[in-house]
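Note that chain A is present in both complexes that follow, paired respectively with chain B and with chain C.
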Partner chain A sequence: MRLVLSDAKVLKSIVDTLSNLIDEAKLVVSPEGISLRAMDPGHVALADLNMSKVAFEEYHVESNLELGIDFDRLNTILKRAGSSDKIELSLSEDASALIITIRNSAMRRFDLPLIDVSEEELRIPQLDFLAEVEVDPKILSEGIKDAEIVSDHVTLKCDSENLYISASGDLGNVEVKVSKERALNFEVSEPCKSMFSIEYLKDMLKAVDAASTIRLHLGTDIPMRLDFLAEGVKLDFLLAPRIEG
Partner chain B sequence: MGVPIGELIPKKEIEIENLNGRKIAIDAFNAVYQFLSTIRQRDGTPLMDSKGRITSHLSGLFYRTINLMEAGIKPAYVFDGKPPEFKKKELEMREKAREEAKVKWEEALAAGELEEAKKYAQRATKVNEQLINDAKKLLELMGIPWVQAPSEGEAQAAYMVLKGNVWASASQDYDSLLFGTPRLVRNLTITGRRKLPGKDIYVEIKPELIVLEEVLKELKITREKLIELAILVGTDYNPGGIKGIGPKKALEIVKYKKDPFALYIKHSDVDLYAIKEFFLNPPVTDEYKLEWKMPDEEGVLKFLCDEHDFSEERVKNGLQRLKKAVRAGRQFTLESWFVKR
Partner chain C sequence: MKVKSKVNPTKDELIELVSEGLRNEAILTIFALCKVSYDGRAKSELGPGDRVIMIKPDGSFLIHQKNKREPVNWQPPGSIASFEVKDENIILKSVRKKPREILEVELINVYLASYFSAEDYEELALTGSEKEMADLIFENPELIEEGFKPLSKEKPIKHGIVDVLGKDKEGNIVVLELKRRRADLHAVSQLKRYVDALKEEYGKVRGILVAPSLTEGARKLLEKEGLEFRKLKPPKRGKIKRGKQKTLDIF
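What follows is the complex of A and B.
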């Protein structure tokens, strides 16, 4: 196995995001691309990553591999790479470690020992989303930061005209309105709203650096799906709601 | 109290945060008893209002419940109903022990030995009907659900977990496992630290999670065998169990004897088979509704401050925290939406 990324930016951002939510996960490497599905320890959020081989400068994989990764440690290593550094991923000869090579002025090699990850079959739940809104990732991340001023949870609401990001608490109320004209895509079949933990959303939104656009799927009192899209990369999150009462 | 099989039970320490979003059925008698025995002044006197009525349990229930709600836990308290006939002996023994402790408490007080006094005062803790009614009234006003069990509260709590209405039951006693609770949380209603007995050292107390399936796997027995084991060691229904049999020996016996009671039934003055049947099929009810509502602020203030002399400032502060926790809702886990197999 030998995978080369022309720059580290996207991978750094994805791993940084994932390491906030999950401790360890199994990375599946196939001739078509790499993928991963994992939940946070509290089973509130699920991450689903697909990186097609087109996202790589070079991609050589002969057979399917499953690599148990400690995400904290991988993140620590990738933090050592600059955004424009070239990155190469390969496997040690005895297949016990992932070798990460960072190339800039020097060639720096890190061996990350692979770990056993307990097998957990994760099925994506069936969800009836009522709204699908695609926006510039910054709009959402700024809205969540606004809401955080007064609360640790936020309500996302859609009607036929707008997406609303709102929060209320003892310190007052915040409402951010995004009209459908400002959205890249706006499809709402029925008005809907759900409440979510800001802490989780903030962890997920760290991935905005890697994404050119973000797609939000929303219903009423059901999990939301957040898709981060970039060239050859799809990172989806499911986040369980908070429900009153 | 409870069956002394702790040494056999594998448990893992957890953080209170790990219980975020979980509904938990709490053994109310056990919690009230904990509050009454631990929330005391230095000489062992419980907290009292100006009319001399005990309020330790109300203080514990009010503040601890708010802490749990703030941690995202939805507690439902389950109260004992009528104890089974064969619990009489245990209840009589407890009453006698309390009477003795009360005498020693008074003696220690007279001698000015505060630490001794507190020790005996705690042993003299008695939960009477008035205290239970106070607790129910407070929960009602706080908007926290409570359930009246037909018989043992732990049996009802276990039933609620098995039905999937709550995630776990909470009690200090292992009896809940005998009643079949899939998950038991210990140390949930104890505050952050506990004094080591007889020493001036405090240890941090964290909740413990016990998963019945893991217990049975570890001991390599079925739940029925676990019940037999407990009965040999001694439960609330046959205090002391069979003479000379401790947990380890009992485990050996139930593993190799198909009917371990056959050997001992002659020497026992209680019907061991009836006790086992009670653990397997205790009386339970479906008549309960679990709803966490906004507190009746005026009602709580009237009850705690006007009637029982609590500090208005502290109670108001607690109510603010409680309201915030109710408003924040409950963090669900994705499992609620996974396709059921």
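What follows is the complex of A and C.
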């Protein structure tokens, strides 16, 4: 197996995001690309990653592999790479470790022992979303940061004209309004709203650097889906809502 | 019993002491040569060694080695402690549901086992939600019962401070002990002491424990002592709608 990324930026941001939600997961490597699906221990968030071989400068995979990865440690290693460094991923001869080679002025090799990840049956809920909005990721991440100054949870609401990000707390209220004209895509079949923990959203939004656009799927009192899209990369998150009463 | 201990207990003595300690909602402290295994988000094993194991009535479980301040392994309050007998050894177990974590301590040789029914009355001021519960009762006395008249909050008496003192529709003195969480044996003991102290002065005194729920032990003791229970949840904070975090499993 030999995978080369021309710059570390996308991988760093994806792994940083994932390591906040999950400690360990199985990375599936096939001749077509790499994928991963995992839930946080509390079963509140789900991450679904697909990186096709086109996202890589070089991609050589002979057969399907399943690699048990400790994400905290992978993140610690990748933090040693600069955004524009070249990254190479390969397997040790006895296939017991993932070799991460960072190339900038020197060639730096890090061996990450693979771990046994217990199989967990992941049921992906079937959801009927009422709204699908595609925006510049910065708009959502800044909106969440605005909400964070007053509360630890945020309400996302969609009507036929706008997407609202709002929060209220002891120190006041915040409302961010994004009109459909500012969105790249705006499809709302019915007005809807749901409340979410900012803590999880912030973790997911760390992937903002990796994405060129994000697609938000929303309903009323159902989980939200957040799709991060970049060249050859699709990172989807599901986040369970907070419901009153 | 307030405190009980056995040095070098036999297997049966250990089982009896641990069962009694768990049943009495006491703090269990065991000095033993043991093996530890933890299975949760990661897996870990600790080979045989001398350690101090402490199990608190709220479920907190701590394993201390002979050095360092922090326990080498632990479980937080809310975990469920139990024990099982495997071959010749007792295994202490602490289970947590979310996230799923199981801590097992295999006792190879127990040097000392003890339990301590600790009672702590040093909660003189009503904390956060208990104060809100008191305010709620003053505004809506019928939450306790028809005709209840609350008279004072945080009234100091001989052995502590009564959360709410009032009178029922017959004119009897009523003592309310408020707890914002599930009430245990110690809350019942506390209420009993206040009721006994006031009986000396007033004759007939009713004691009512007011909490969202009771432990089984508390329920039995309340009945035995002729005290009462009223279910009341601490009121939700003001207008701020917090909602409850759901999991993906329910969708």
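We take it that the second predicted complex is superposed on the first by the 245 of 245 C-alpha atoms of A that agree within 3 Å, B and C clash if a C-alpha of one lies under 4 Å from a C-alpha of the other, contacts with A are read in each partner's own complex, and residues count from 1 in each chain.
The definition used in the following text is that a residue touches a chain if its C-beta (ideal position, glycine included) is under 8 Å from a C-beta of that chain, and two chains touch if they have at least 3 such contacts.
Note that the structure is a prediction, hence the values are computed from the model and not measured.
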| said: Following the superposition defined at the top, how do chain B and chain C come out on chain A, clash or fit? | reply: clash
| query | Between chain B (first) and chain C (second), which, if any, makes contact with A:222: first, second, both or neither? | reply | both
| request: Would you sort A:23 into first (chain B), second (chain C), both or neither based on which partner it touches? | output: second
| said: With both complexes superposed on chain A, which partner does A:240 reach: first (chain B), second (chain C), both or neither? | reply: both
| Stretches 150-158, 204-212 or 222-230 of chain B: which one clashes with chain C? | 204-212
| Across the two complexes, what residues of chain A are contacted by chain B and by chain C? | 39, 41-46, 123, 125, 127, 153, 169-170, 195, 197, 222-223, 238, 240-245
| query | Along chain B, where are the residues that touch chain A in the complex? | reply | 18, 20-21, 291-293, 320, 324, 326-339
| query | Across the complex, what residues on chain A touch chain B? | reply | 39, 41-46, 123, 125-127, 152-153, 169-170, 195, 197, 222-223, 238, 240-245
| query | How about chain C: which of its residues touch chain A in the complex? | reply | 41-42, 98-100, 240-251
| What does chain A use to touch chain C in their complex? | 23-24, 39, 41-46, 123, 125, 127, 151, 153, 168-170, 195, 197, 222-223, 238, 240-245
